[in-house]
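Before I ask anything, let me first share the structure, which is written out below as structure tokens.
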């Protein structure tokens, strides 16, 4: 029982990761793949943040005079920048998808492959 | 004495707020069509936020002695008071514009079709109230229809 | 007191999430998500008081703002299928 | 209680993720992704990661929803009907997940104070104990981000900058599909809209003639409220920028919030008007200016005899130097992020050529 309560958050992280991985493999739509990538990404964020939490701790912003328990600030720093970088990369991915749509008229992976196969070598 | 009064008031506000919020969620789940859900959810959202926020402001001022938190909470309330009803209004209007037909209590559509819903949203005033019957709405649309034709 | 409010808010969020998942129309989902956002604002605020450190209401304020922004963006997409058009204000009567 | 709230929020997350898998409609998935971000940020608050929650709230549910919507407005927004399951993918995902769950069995429990991550003297303990006297700001995340790991943050700002440039070069040129070159507000092109509808009955729109007789309704309530709200948004952005030392916030978040103000304006009043206020050329300057500010601070420290981004040399007193260094560096980050985010919005919103 204690094990379940203690490890539950990690299992949710794994479930989120599985969801993202499944979407990325099983769905053909490129936009949906990016959504899956986003899910995968957040699962990693969670892994870090859950490990940084200290029970009974408080946010790592110093309070004058007191000495409470602070949660670990290191994962927060890593993940904070990772979120911004993550949205930047997905913006690039989405831009590429828009270009792909303009080029091929579709964003379905298999249809793009079919068009590619049908075209003679340039 | 004062402490007890503060405690009682904030407790009461908090409980009222919780009732608001939960009833809104129940409305969101139980109501039959989009517009009734919207009605339930948006009213309780704004009301519940207001009441819970007041309770929190009282707590911040008198229990936590943290006036900054009270000011911030006040700002949140002010902001929500403007944006939440606006978002609900825009949602309802866009839904009507996109052809979501409102239903009456028995689940029958109040309008003849999505076109009419869209027209109703475009005409002014968009005048859909609960309890109106289909004929009257049709008449109003007809009147607006004639007027719009004259103008253009 | 704060515990009770937190529990009430969590229940509310669960119900709202159910509506967001079930639909049936996109507007229902959007309504549910918008309402969910408001509940999150409240949850963050109440949680700050619950843990005895109500200094982080900035986050709730950002939520309120972003929730509005997201709702408006989706609505505009519904209505115009284009985020940049000026037709919300170009009008001829 | 805290752990329970965290676990409930995490459960919501998992449910939403499953919902995103199940839903065919991409638009619904994007809406749910917004909710997902909201829950995520809520859970970050519960796990004491207030700065992360701040970022996730601003970036995750605001900007990224808008980017997805922009991309969807270019492409189609329904998945083709296909077999619902891919057994191979399911097997792979479950296998990977099973291995990971097996791996978690040895992990320290949630909230454990004795795990290696908490007790490592080189990192967390040092930051918690020394950053107040070494760097200064009460917000340890800010001191680590801008001072201890300033070099790393420089790299991340550069990534954001590069992404802005990349999107600009992919989408920003004046080219669109033929037939979509009509002026933005031309009368008569209103029939092309209103196609998005319920998943139950789509494609039902009023006929073109009726559309012309009933011109597009303006959302006057939205306009008025937006005009009221935007100044507060911008002011709040400034507050987050300059208060980041003392509370949650900092350059990244402030930049996004500041950009949100302009994006809100753009959504309500149209891209043309927004571009008149904040022209793209100014955005390009902003993007570069922020990064130059950051790099310039680093170079200045080197000129003054310190290492790259070693702020101690900036003033006579080391703590003062740190203060100035963090201030300028965060300002640089904020300016770059503002520029990049508004620029991203411009590129994804300009469906029709301007």
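A few comments on the model shown:
So that you can tell them apart, the chains are marked A, B, C and D in the order they are listed, and the count of residues begins at 1 in each.
One rule holds for everything that comes next: a contact is a pair of C-beta atoms (placed from the backbone, for glycine too) under 8 Å apart; a residue touches a chain by one contact, two chains touch by 3 or more.
All figures in this text were calculated on a predicted structure; none of them were measured in a lab.
Between B-D and B-C, more contacting C-beta pairs join the chains of B-C.
On a Cα centroid basis, the chain most remote from chain A in this structure is B.
Rounded to a whole number, the gap between the C-alpha centres of chain B and chain D is 29 angstrom. Centre-to-centre, using mean CA coordinates, chain A is 13 Å away from chain D.
The mean-CA centres of chain A and chain C are about 21 angstrom from one another, to the nearest whole unit.
Residues of chain A found to touch two or more other chains are 58-59, 61. In chain B, the residues touching two or more other chains are 79, 83, 86, 90, 97-98, 100.
Residue positions 13, 25, 27, 30, 32, 48, 51, 55-56, 58, 61, 65, 67-68, 72, 78-79, 93 of chain C are each in touch with at least two other chains.
By the touch criterion stated above, chain A contacts chain C in their complex at residues 58-59, 61.
On chain B, the positions that touch chain D within their shared complex are 79, 82-83, 86, 89-90, 93, 97-100, 113-115, 118-119, 121-124, 126, 148-149, 152. Residues of chain C that touch chain D in their complex: 3, 6, 10, 13-14, 17, 20-21, 23-27, 29-30, 32-33, 36-37, 40, 43-44, 47-48, 50-51, 55-56, 58-59, 61-63, 65-70, 72-74, 76-93. Contact residues of chain C toward chain B in the complex are 1, 4-5, 8-9, 11-13, 15-16, 18-19, 25, 27-28, 30-32, 34-35, 38-39, 41-42, 45-46, 48-49, 52, 54-55, 57-58, 60-61, 64-65, 67-68, 71-72, 75, 78-79, 93.
Here chain D touches chain C in the complex through residues 1-2, 5, 8, 12, 15-16, 19, 25, 27-28, 30-32, 34-35, 38-39, 41-42, 45-46, 50, 53-54, 57-58, 61-62, 65-66, 69-70, 72-73, 184-185, 187, 190, 192-196, 198-200, 215-219, 222-223, 229, 233, 236, 240, 243, 247-249, 253, 257, 260, 263-264, 266-273, 345-346, 348-352, going by the rule given at the top.
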